[in-house]
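The structures considered in this document are given below.
Presented sequentially are two complexes of chain A, the first with chain B as partner and the second with chain C.
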Partner chain A sequence: MEFMNGLGLAFALLGAAISALLAGIGSAVGVGMAGEAAAGVVTEDPQKFGKVLILQLLPGTQGIYGLLIAFITLSQIGVLGGGTAAISLAEGILYFVACLPMGFVGLWSAIRQARAAVSGIALVAKRPDQMGKAIIFAAMVETYAILALLISILSIVGIPALGL
Partner chain B sequence: MAVMPMSKINIFGLRKDRKKILEAIQRMGVVDVRTFEKDETGFDGIDTMLSRSKFQKAKTDCEQALDIVGRYRPESKSLFASFDGKDLLSHEDYNRMVEKRDMIFNAAAKILRLEKSISENKAKIIKLTGNIEALTQWKELPIPLNYHGTSKTSAFIGTFPENCTEEFLLKQFAEICDKKEIQGVADIVHVELVGSNETQTCAVVICPKTVSAETEEVLRYMGFAAPVLSGDGIPAEKIKAFENEIEDAKKSIKDAENQICDSASERDNLKFLVDYYKMRIDKYQVLEQLGHGKNTFAMTGYIPTRDAEKIEKELSEKWGAAVECSPADGDDVPVMLKNNGFAAPLEGVLETFSLPGKGELDPTAAMAVFYYFLFGLMLSDAAYGILMVLICGIALWKFPRMNEGMKKSLKMYLYCGISTTFWGVMFGGYFGDAIQVIAKTFFDKDIVIEPLWFSPMNEPMRMLIFSLLVGIIHLFAGLGMKLYSLVRTGNWKDAIYDVIFWYMLVGGAIVYLLSMQMFVDMASLSFILPPSAGAAAAVVAGIGALGIALTAGRSSKNPFKRLAKGLYELYGVTSYLSDILSYSRLLALGLATGVIANVFNKMGSMFGGGIVGAIAFTIVFIVGHTLNIGINLLGAYVHTNRLQFVEFFGKFYDGGGEKYSPFKADTGYYEIKKD
Partner chain C sequence: MPEQYTYAVARIHTKENSMLSAQDMERLLAASGFDEAAGILAEKGFDTVGAENADEILSRERDKTYKLISELVNDMSAFDIFFYQSDFQNLKAAVKSVVTKDKARRIFVDGGTVPKELIDSAVKNREFSDLPEFLQIPAEKALKALMETGDGGLCDVIIDKAYLETLHKAGDASEICMVKNFAELTVALADIRIAVRGSRLGKGLEFFKRSLADCRTLSKDSLAIAAAKGTDELDAYLRTTNYSDVTEIIKESYVAFEKWCDDRLMSEIRKEKSNNFTIAPLAAYILARETELKMVGLILTAKQNRLDISVVKERLRELYV
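Let's look at the complex of A and B:
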């Protein structure tokens, strides 16, 4: 039984790790892509630095959401904060599953959002007055990361109440 | 809260006053000049391309001179220089400066000349240094490098490949003579080494004139080559001469640099000249848009109606120009917004979307209320809010002359900060849970500041429902704006078909959901509406749906097509579902701020209590919360914009208006006082 409990904790931690990992990778790739494009624009016109920087940072939020989920999971299962709540195997797997939406959607949406941001940067390079629209195009993609974040948060917060 | 009424203005004046009138108009800065229709009126156009490019060149020269001066004598600027705004210049000072313009321009030309001489001298130094390097190996040679021998002897000066000795060279010479069957040469040739390095040996070869041809052939075979640098003069002396030349060049560089530094006093004048040429370029651009007659000229454009009278009076009194104004109602009338201090900061945000098109309402005021509300809800930390208010407030107070765009942004963040503080108090966030963590770690006490309303982190479901409710209100307000603009223009039918039916459908559906046990359980609501209310709501929603299906396609005459279009529009109800769900980002971003703040607080507290712990905590606290504010400000800004642009504007606003951009003194450094 003790082994099973240990396994539960391992699953929960795996979930937290996957959420931080995948979403973090997605954001790192995304911010990197957008950064390359932004640097290209700044070589032509250093004045646009502020504008393209905002666009570059847009795909960065998924990594933060991933961190958020990982952190909530860690504090729920007692890895952070020193509480030693016993995690049953079933609970551990639930935590693992609850983390998946943020991890996977975070990964893909960050990269896709980065592509929208790169195009947005090209748009701002030619027509700086269209900045607002360029942001919106990229922000549309983020909606899905936010929906995934929502489901992950609600699931994780709801698990203890199940009493498994 | 409105779009300013605009007038079309036509100005006719005498040609001799053209310059003065144009300058007056530029100074007043209220006329958005348009191209005058020349074809039918008998007025001609003129081409100012040449003059403009001349001014452009002068402006570029001044800018370069400024840049050069800045490089040698950097301007001492404070960190907040960008807040300072432009320097004021009185009209008399302006005129005085204009008179000095040739002098200033000469100063600019001189700076450019000096800079050119500096770069030329630098190139010269590089070349001379190369020469000295090439001559160094020949330093010991007491004769010129182009020495060819006496009347009886021939001398060859040059280098052999590789580093070798005299004996080796003589031996090699003899071997080659044997191979080529040249006799009587090897014994009488004299080789003397001058210097050497790893890759070559410098030598002088002397032989009687009678065998000079043979010797040369053998030498060539051995890879003997003339020195890179030839010419008159003994190498050691030449090196000395080159060194002197370098010294001279260095001195003149220093001289030129000092002179440029001395011209730093011209900096303000140069800035003025840049502005001056910019204004002249603009003026000539406008000149091209005018109609020119033999003794008269004509100008057309748009002007805010409130300024029309003033400009009419000024121009007709001073120069007897004929000014004619009439209310403008074309498609290309430029848009100027006028809002009160609360809403005006958001005009810039509206501009990034699109200005109101013809006949559209200015949505800024309605947007402002929601904008500040949503922004605060997403950031929702009282301490962050107070920081925003303080920073923006102090900047606005200390730098009253900062440029208009910056002022607007700071005011916007000031109001957003107030809202952030409000929601922070409601939800109990003060640097996250910093107070609790500090009390626990350093004073071993349990202090918890209870949220005034509830803590979203403990009750995420409640926060989600609240977020969706905010969304419904926001969307309905958007529909309300459409209702208002339709009613205002008297389109009662459209108002009922396109707005009231939707209100019935969406509102009814929501009330119906609230009477369902399953939904109430899911959302963990504490109340449920009675079934009778649900039934009534269902009927209302049904009427709405029927109404939409029957009327939304009313632009088509064909009844089948009409119904099909109506049903398609009805299918659009799914977009309301996704629109409302989109507001769940209020929860997500609010939680993100709080949770990340808590992570940093926890990280800081991991070093324990005591002095070391306190120092570590302070560092983690400052770095962490700065980062968190940055990330979440960006997030709140982007997503508030999104909710406004996509969800809110999607219900009623198209935009497409053109910005009002008057012909004015559009300067970069100075602002010329309007008398």
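Let's look at the complex of A and C:
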């Protein structure tokens, strides 16, 4: 029984790790990609630093969402509270599955958002007055990261109520 | 990974802001003389300090473009295709200078992939192996033809055809889709140009077979046969190709036809304006700058020689920005 509980805890921790890892990797790649484009623009026109910086930061949010999911999971399973609660194997698997939306959607949406941000940076480079639109194009991708965040939070918070 | 050019492309897209627009061209055309036109160019970032003629300004600007691109990419050979024209122009000059005893020396140009001095000395000393492979055979054949026949036109045909074949081969070998399309379009338009000119001059089938180069969008043989039969046959053949819209332009004037050819190339390049990740926008920038400098050269030369501005306007091409 103790082994099964340990396995449940391992699954829950794996879920938290995947959420933080994948979303973090996506954001790192995305912010890096947008940063390259931003640097290209600033090399030629340093006055556009403020504008391109905002666009560069947009793909960074997924990493924060992944971290948030990891925190909530760790808190739910008691790792953060000092003293781990007994987590059954079924509960552990459920925590693992609940973390997946944020991990995978975070990874993919950050990279796609970075591509939109790079295109937005190119737009701002040519037409600085179109900054608002450039942000909106990239921010649209954020919707799906937020949806994944919501579904992961609702699932994680709802698991204890199942009483497994 | 295509993203490896993200920085370079963003920088190039920012650089495109400083390229001349149609309004700038209008201002240049309206300038009262060379000095005022040079002043307008200086405002747009051209290096005109102390320049006494158009060539000097253009040469400085070409250097700037080359330096910028070489700063952004490690291997400039991807862009060789855009500089072959200068190599073959220098080959023509070198071959002719052997016969004219150096009188053709002034028509050597800068900006090729091979130093002009090397081409000159290799041809003069008949050491063709010193040249890169793509220049060896045309150099030998053109010099032999010129020595035997004294026909400068034949020499030009040999070198021009070799240029088109080299261009097409380089295009096929390129991994950049835009470069492939550029090579195909350049060769096809050159073939049409040869066919139109030759047909009007009543040239025979042999001339067209010797001059036309292979490409995918035109049948070299059908084009040669149609052009040899006359302008009506040529018109009928071109209507069956991707270039059917050229037939009406040809009837308008030769200047309009030349403009159509350059504008068609420009519309191909323009597709790269919204590309943010691959090397293609860099290639497009090189070509766009070259077109821009051609237009600037035309205007400055007209201003310097007080030519009628309507003649220049007729020859102005579409710009990239």
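The working rule: the second predicted complex is superposed on the first by the 163 of 164 C-alpha atoms of A that agree within 3 Å, B and C clash if a C-alpha of one lies under 4 Å from a C-alpha of the other, contacts with A are read in each partner's own complex, and residues count from 1 in each chain.
What we mean here is this: a residue touches a chain if its C-beta (ideal position, glycine included) is under 8 Å from a C-beta of that chain, and two chains touch if they have at least 3 such contacts.
Every value quoted in this text rests on a predicted model; they were computed, and no experiment measured them.
Enquirer: Let's test your reading of the overlay: on chain A, do chain B and chain C clash or fit side by side?
Expert: Superposition result for chain B and chain C: fit.
Enquirer: After lining up the shared chain so the two structures overlap, which partner does A:Glu44 touch, if you call chain B first and chain C second: first, second, both or neither?
Expert: second
Enquirer: Could you look at A:Ile136 and tell me whether it touches chain B, chain C, both or neither (first, second, both, neither)?
Expert: first
Enquirer: Could you tell me if A:Leu154 is touching chain B, chain C, both of them or neither one (first, second, both, neither)?
Expert: first
Enquirer: After the superposition on A, what does A:Lys126 contact: first (chain B), second (chain C), both or neither?
Expert: Only chain C is touched by A:Lys126; chain B is not.
Enquirer: Using the superposed model, determine the angle chain B, chain A, chain C defined by their C-alpha centres, to the nearest 10 degrees.
Expert: 50
Enquirer: By the touch definition at the top of the document, which applies to A:Glu36: first (chain B), second (chain C), both, or neither?
Expert: In the superposition, A:Glu36 touches chain C alone.
Enquirer: Now for A:Ala110: first (chain B), second (chain C), both, or neither, which partner does it touch?
Expert: A:Ala110 sits against neither chain B nor chain C.
Enquirer: Of chain B and chain C, which one touches more of chain A's residues?
Expert: Per-residue touch count on chain A favours B.
Enquirer: Taking the superposition as given, does A:Leu80 touch the first partner, chain B, the second, chain C, both, or neither?
Expert: A:Leu80: touches chain B, not chain C.
Enquirer: Quote the smallest CA-to-CA distance from chain B to chain C in the superposed model, rounded to whole Å.
Expert: Nearest C-alpha pair, chain B versus chain C: 5 Å apart.
Enquirer: How about chain A: which of its residues touch chain C in the complex?
Expert: Contact set of chain A toward chain C: 33, 36-41, 43-45, 48, 115, 118-119, 121-122, 125-126.
Enquirer: What residues on chain B touch chain A, complex-wise?
Expert: Touching chain A from chain B are residues 349, 351-353, 460-461, 464, 581-582, 584-585, 587-589, 591-592, 595-596, 598-599, 602, 631, 634-635, 638-639, 641-642, 645-646.
Enquirer: Applying the document's contact rule, which stretches of chain A touch chain B when the two form their complex?
Expert: By the definition above, chain A touches chain B via 54, 57-58, 60-61, 64-65, 67-68, 71-72, 80-81, 129-133, 135-136, 139-140, 142-143, 146-147, 149-150, 153-154, 157.
Enquirer: How about chain C: which of its residues touch chain A in the complex?
Expert: 3, 6-17, 274, 276-277
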